[in-house]
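You will see chain A twice below: alongside chain B first, and alongside chain C after that.
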Partner chain A sequence: MDLLDIKNLDVVFPTRRGTVHAAQGVSLTVAPGEVLGLVGESGAGKSTIGNAIMDLLEPPGYVGAGEIVFQGTDLRTLDADQMRRVRGRKIGMIFQDPQTSLNPLLTIGEQLIESIRNSLDMTEADAKQRAIQMLGDVGITEAEARLKSYPHQFSGGMRQRVVIALALSGDPDLIIADEPTTALDVSIQKQILDLIKRLCRERQLGVILVTHDIGVIAEIADRVCVMYRGRVVETGQTAQVLGAPNHEYTKSLIAAVPRADMRLERFASVDYIEGGEAAGRKIDIRTHWLGAARADATEPEETLTVENLNLSFVLEKSFFKSKRRMLKAVDNVSFSIRQGETFGLVGESGSGKSTVARIVAGLYKQDSGTVRLLGRDVKGSWSDPAERDVRRRLQMIFQDPFSSLNARLTVMDIVAEPIRFHKLTSSEAETKQIVQDLLDHVGLGAQAAIRYPHEFSGGQRQRISIARALASRPRVLICDEPTSALDVSIQAQILNLLKDLQAELNLTMLFISHDLPVIRQMCDRVAVMKQGQIVELTETEALFDAPTHAYSQSLIAQMPRMDLLEPV
Partner chain B sequence: MTTDPTPHQVASRPRMWTRIRESDIGYSFFRSPFAMVAAAVTVAFLLAAALAPWIAPYNPFDPAQVSLWDGKLPPSFAGGDERYFLGTDNQGRDLWSTILYGGRLSIIIGLAAVFFGMTLGVVLGVVAGYLGGWVDTLIMRVADVQLTIPGILVAILINGVGQIMLPQELRAEFSVYVVIFAIGLSDWPQFARVTRGAALVEKEREYVQAARVIGLPGWLIMWRHVLPNVLRPVLVLATIGLALAIIAEATLSFLGQGVPPTTPSLGTLIRVGQEFMFSGLWWIAFFPALTLVILVFAVNLLGDWMRDALNPKLR
Partner chain C sequence: MFSFILRRLLQSVLVMAAVSALSFSLFNFVGDPVNNMVGQEASPEDRQNIRDALGLDDPILVQYVRFLGNAVQGDFGLSYRSKQDVSDMILERLPATLELVAVSAVIALVIGVVAGVYTGIRRDSWLSRSILSVSLVGVSLPTFIIGIGLIYLFAVYLRLLPSSGRAGVTDLGFWRTSFLTVDGWRAIILPALTLSLFQTTMILRLVRSEMLEVMRTDYIKFARARGLSDRAINFTHALRNTLVPVVTIIGLNIGGLIAFSIITETVFQWPGTGLLFIQAVEFADVPVMAAYLMFVALMFVIVNLIVDILYVSIDPRIRIGSS
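Then we have the complex of A and B:
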């Protein structure tokens, strides 16, 4: 018998502007000892399913119709008291962010023991024994001593292990894991996924794994449900769904996943998502204002060179030099980017890759070392006209599309700002025409100019950011995790756009990402960073085929395996 | 295929009134009876203040219209003279007219003082938050020191010094400006603190970084990018600050520190009136005080609602 059997579930959110059906006619089953992957992009309703099972829907949302049969009982017929007994004892939940799912004021032991006694009726001593055993089970060594630690004394991965132990403390039969590894680095992701899979097998748990990441699905799911706008569009064995998808949406989604095993020229053109490919390209880049600054003979072969860059942040201030605690964020970093090349910086969080980008962009000032841009040493001043002219030719695209645009300005004013400030055109009419051309060219349409940023989705906002960066007529573009806040299909579009623009304008790019498959698709050469240092710098293909440094090897090995995907 | 799903709608944006009604803040407003009543009362007070010379039956500052023989008459509904709805004060001025004119003065002083304090505080707050370093330290320490003394004491001090520095013959004429200056100057640290906090947050946001990469100078980034994005909390503070400034003015005038009795504000009226309380002439103090309470209450309710409506955490 199935552990969980959801039949025709409807979840309804009444709002001011009409009723939103977050889930419509969703049916799925989970068997004991099985990992069911629930995959979809933002707004697909995948988290809603988990919350509906737990009866934890945010008001005003409610279950409109359908059955949620768990171990033979329809959970919808239970009252609040009975439901509370199901939560924790029968069904456990793992949340995305281990920072916020533990109480920072209580020790790990207090939280575990309280949770165990709550659901299992044990004495304090027995509960403590069980807590120690649970921590051992999820791979925390010296469990007895660690019981007295507070959450902040654990690293992110360890904290997520504790969260898993908490979810298991009531000895549940079903675990709902909502994006359990999204906040974690790739090396820790692998460990956590392995842990979930092992516990699932050993204890014959049913697991619903909610994620946006096809790589995670490929790694541990036995079966997959693909969701799109509140509906399940495809269900099946993981190998079948990823390898030979039936539904058009699944095909699009999988085509958009950056592949780690080979480099493609472009991502396949993706339908079935907002926007679609930019079709409104009317301008001829060679004759247009935008293309006028294409590389000419004066541009040096080495467009951007960084030599012996160092930057330390002060962790603890002190009057005495010897007592100050410093963090070396960038440690003797040197590299050189050739004209028209895309150079990747890859590393885990805290490796210093974004700090390097910010030094190059002039947002941070280095302690020592030089940045040479278009043949000129950049000192970080805007007052020298010659240096200003060089620095204008370097622009940056940021990670978070929701904070990178000023909400109080129209798109016209946002994109026109660099043109107006640097007086790159002769008249205001010309400026407006160029802004409209730019918006057209990045795939938004000239009509976007009169609107405000909040009227656009994340992917569209990132297009606005790109248009703003192009408005300075740059020669060098820094992309700092430009797609890591976006859905995978939108990511494919934006990466395609960046590739096209680079080819058209012959741009030089510094591309920063934590995502190895994206790096493989975008970069010609790549530097691997760890703790502020470059540990390996090589051709991208060489890095993926035969990494030489031990750290690069482990990074490559820990990438989610995508062997299941259909070959291109 | 175009990414713009509704190109035709863009050309004809909804009319302003529809946009306000449909916005989150408008939605919240039209579903909050308290906010609507408070707004109506506040608007009524503002209108009365603006139109006082036209709607007041008498001009209390015109000696020709005031007769000492009519002094201390009770309100018409309490057995007084038909001509004087709320009665008259000790000098024979029509109390209803005097309240209209006094309320007008109170509101003008309140608005001007808040505007002065807000401008000063917001400018200093944005500068402190955005520049940081010793500028920040200097501005915020001055604010901290000032905040250790109750605002009304600061206002009394500044007002006292200001009045004394004026030549005797100009004192009556300029006392209103001195009061505005004093209240505004006692109020700026609140605005500076709130603005600085918001500016610290905005400064780290990526659109400010983008503006720096474009090469915009600091003052332009502060003006175009930081300032418009920190004004929300300031708006709330200014509304509540208006109520406080009106009270501060009334307090100053009640203590005899504010505007002179020849051009009475609500505070002056209450002070004059309370001298006659024990003689049974209750109306001279009661009606100005009631006016003050209703006005301040309405403005406060409006500010409270605005704080909730503009706070994304409470939605």
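Then we have the complex of A and C:
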């Protein structure tokens, strides 16, 4: 018998502009010992399903129709108090961000014991024993001592283990895991997924795994439900859905997933997803003002060279030098990027890859070492006109499209700012024309100029960022995780756009990412960073085919397997 | 932890040094002290004698060091007006003010936190809405109007409570308290309520907005998903997380209570240090003013030191560095 059987579930959010159906006619089942992957892009309604099961929908959302039959009982018929008894005891939930899902002021022991006693009616001492055992189960060593630790004393992966222990503390039969590994590094992701899978098998738990990441699905899901705009468009065995998708949406979604196992020239164009590229006119950027610097014969072969870069941050201040604790964020980093090349920096969070980018961009000042840009040593001074001119030729695209655009400026002013600042044009009319051409070219359309950033989606905002970066006619672009905040189909569009622009303008790119498949698709050469050092620097294909350093090998090995995906 | 407190102590000493300089400057800027002490008929010789006796012709720095040295020993000289020892005058009035402040702080805390939590959790109930509307009165009406209004209602119209003054005082030798008699309590209710009203509102609104903030966090949602009871979620998890900012504001506000007590004490003729200060200002009694300034600053500094220590004990992230 199925553990959970959802039939024709409707979730409704009344808004001022009418009711929104976050889920419509959703039916799915979960059996004991089975991992059901619920996959879809942001806004598809997949988290809503989890919240609806738990009766934790954010008001004013409510379940409009349908049945949620759990172990033979329709959860919708239970009153608030009975429902509270289902939560934790029967159904557990794991959240996305382990940084925020634990109460920062209580020790993990207090939180565990509280939950255990709440669900299982135990004495304090018994609950403590169980807490220790639970922590051991999820792979936390010296569990007894760690009970007294506060959440901030754990790393992200360890914290997620604590969250899992908490979710399991009431001995539930079903676990709803909402993006459980999205906030974690790839090596930690693998461990957590393995843990969830093991617990699922050992305890015969049903697991609903909500995620946007096809890689995670491929890794552990037994069956998959693909959601699009509140509806389930396809359900089936993982291998079948990923390998031979039926629905158009599933096909385009899977086509947009960056492949780790091979390099493609471009991402397959995604037609099914709306809100993407506006059918705007493309300008011929090579002959345009924007492309004027394209064929600059004076450009040196080595466009950007970094030598023996070092930077430390102070972790703990002290009056005495010996007592100060320093973090070596960048440790003797050297590399050189050739003209027209895309150079990747890959590593896990805290490896120093963004710090390197920020030093190159002049946002941080290195302790020692040199940055040589277009044949000139960059010292980090804006007063020298020659240096200012060189630094204009290097622009940056940031990770978070929501905080990297000034919300109080129109898109016109945002994109025109570099042109105006560097006084690159002779008239305001010319500036405006250039901005409009640029917006057309990045696929937003010239009419976007009069609007404000909040009117755009994440992917569109990233296009604005790209337009802004291009406005000062740069020769070098630094892309710091440009797509990690975006859905996979949008990511494919943005990466295609970057590839096109690079080819058209012959740009040099420093591309930073933690996402190995993206690196494989984008970069010619790549440097693997760990704890501030470059441990391996090689051709991208060589890194993926035969990594030499042990750390690179483990990174490559921990990538989610994508063998199930449809062969191209 | 130890170095943290030491650092705070050092900062406190700096603050006190600055305030003492300010208080000292009163002596030189608020009129001529000798003029304030003697009448019109004093001869130039008499005046000069007094100047010599007080050391007023010494260099400023020497005078300041002398002032500081005396102040540290609790000696602020004699009141120009009553010729009493200033420290004695303040110490005599201190219990009245501190008891008033203590009672209002308790009122503000209890009502503010309870109502704040309630309005934060049941944000849409009619009771929350009425509490919030009424609380607007607390912020917008000046203290003296509230005081006079309360006097009119409870003392003049209902004749339930005395309109002014401190009554039923028991002398414990070192402390004159009004907590031991019914009359004492009856007398303290109105001024304490008046003084606390503004603080109650502040705390209420702060706790409410912090609660709203905390209730949206993931750990509250996670706690709910684990089936914890509402009581456990609201009090063990949510309320505690609102405390850090609340404690900060309360700390600042207890200082504010002491300072605001000037107005309340005037309205209710409460014989505390605030009333003493107002009377001193009227007569340009500089030693009293200077001593009062130093005293209020000292209170501020001590309260904030306590707040900092509380902070550390509430939030483990401050206590234990992240590993």
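Keep in mind that, in the parts below, the second predicted complex is superposed on the first by the 560 of 568 C-alpha atoms of A that agree within 3 Å, B and C clash if a C-alpha of one lies under 4 Å from a C-alpha of the other, contacts with A are read in each partner's own complex, and residues count from 1 in each chain.
We take it that contacts are C-beta pairs under 8 Å (C-beta built on N, C-alpha and C of every residue); 3 or more make two chains touch, one makes a residue touch a chain.
Nothing here was measured: the structure is a model prediction, and the numbers come from that model.
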Which superposed partner A:Tyr62 touches (first chain B, second chain C, both, neither): neither
First (chain B), second (chain C), both or neither touched by A:Gly445: first
First (chain B), second (chain C), both or neither touched by A:Phe313: neither
Touching partner for A:Ser472 - first (chain B), second (chain C), both, neither: first
Partner, of chain C and chain B, that touches more residues belonging to chain A: B
First, second, both or neither for A:Asp400, with chain B first and chain C second: first
Interface residues, chain B side, partner chain A - complex: 1-4, 7, 10, 27, 205-207, 209-217, 220, 224-225, 228-229
Residue numbers on chain A that touch chain C, as the complex places them: 54, 56, 84-89, 92-93, 95-97, 100-107, 114-115, 118-119, 150, 152-153, 163, 166-167, 169-170, 316
Residues of chain A touching chain B in the complex: 16, 274-280, 358, 361-363, 382, 388, 391-392, 394-396, 398-400, 403-409, 417-418, 421-422, 443-445, 447-448, 450-451, 460, 463, 465, 468, 472
Residues of chain C defined as touching chain A within the complex: 217-219, 221-229, 232, 236-237, 240-241, 314-317, 320-323
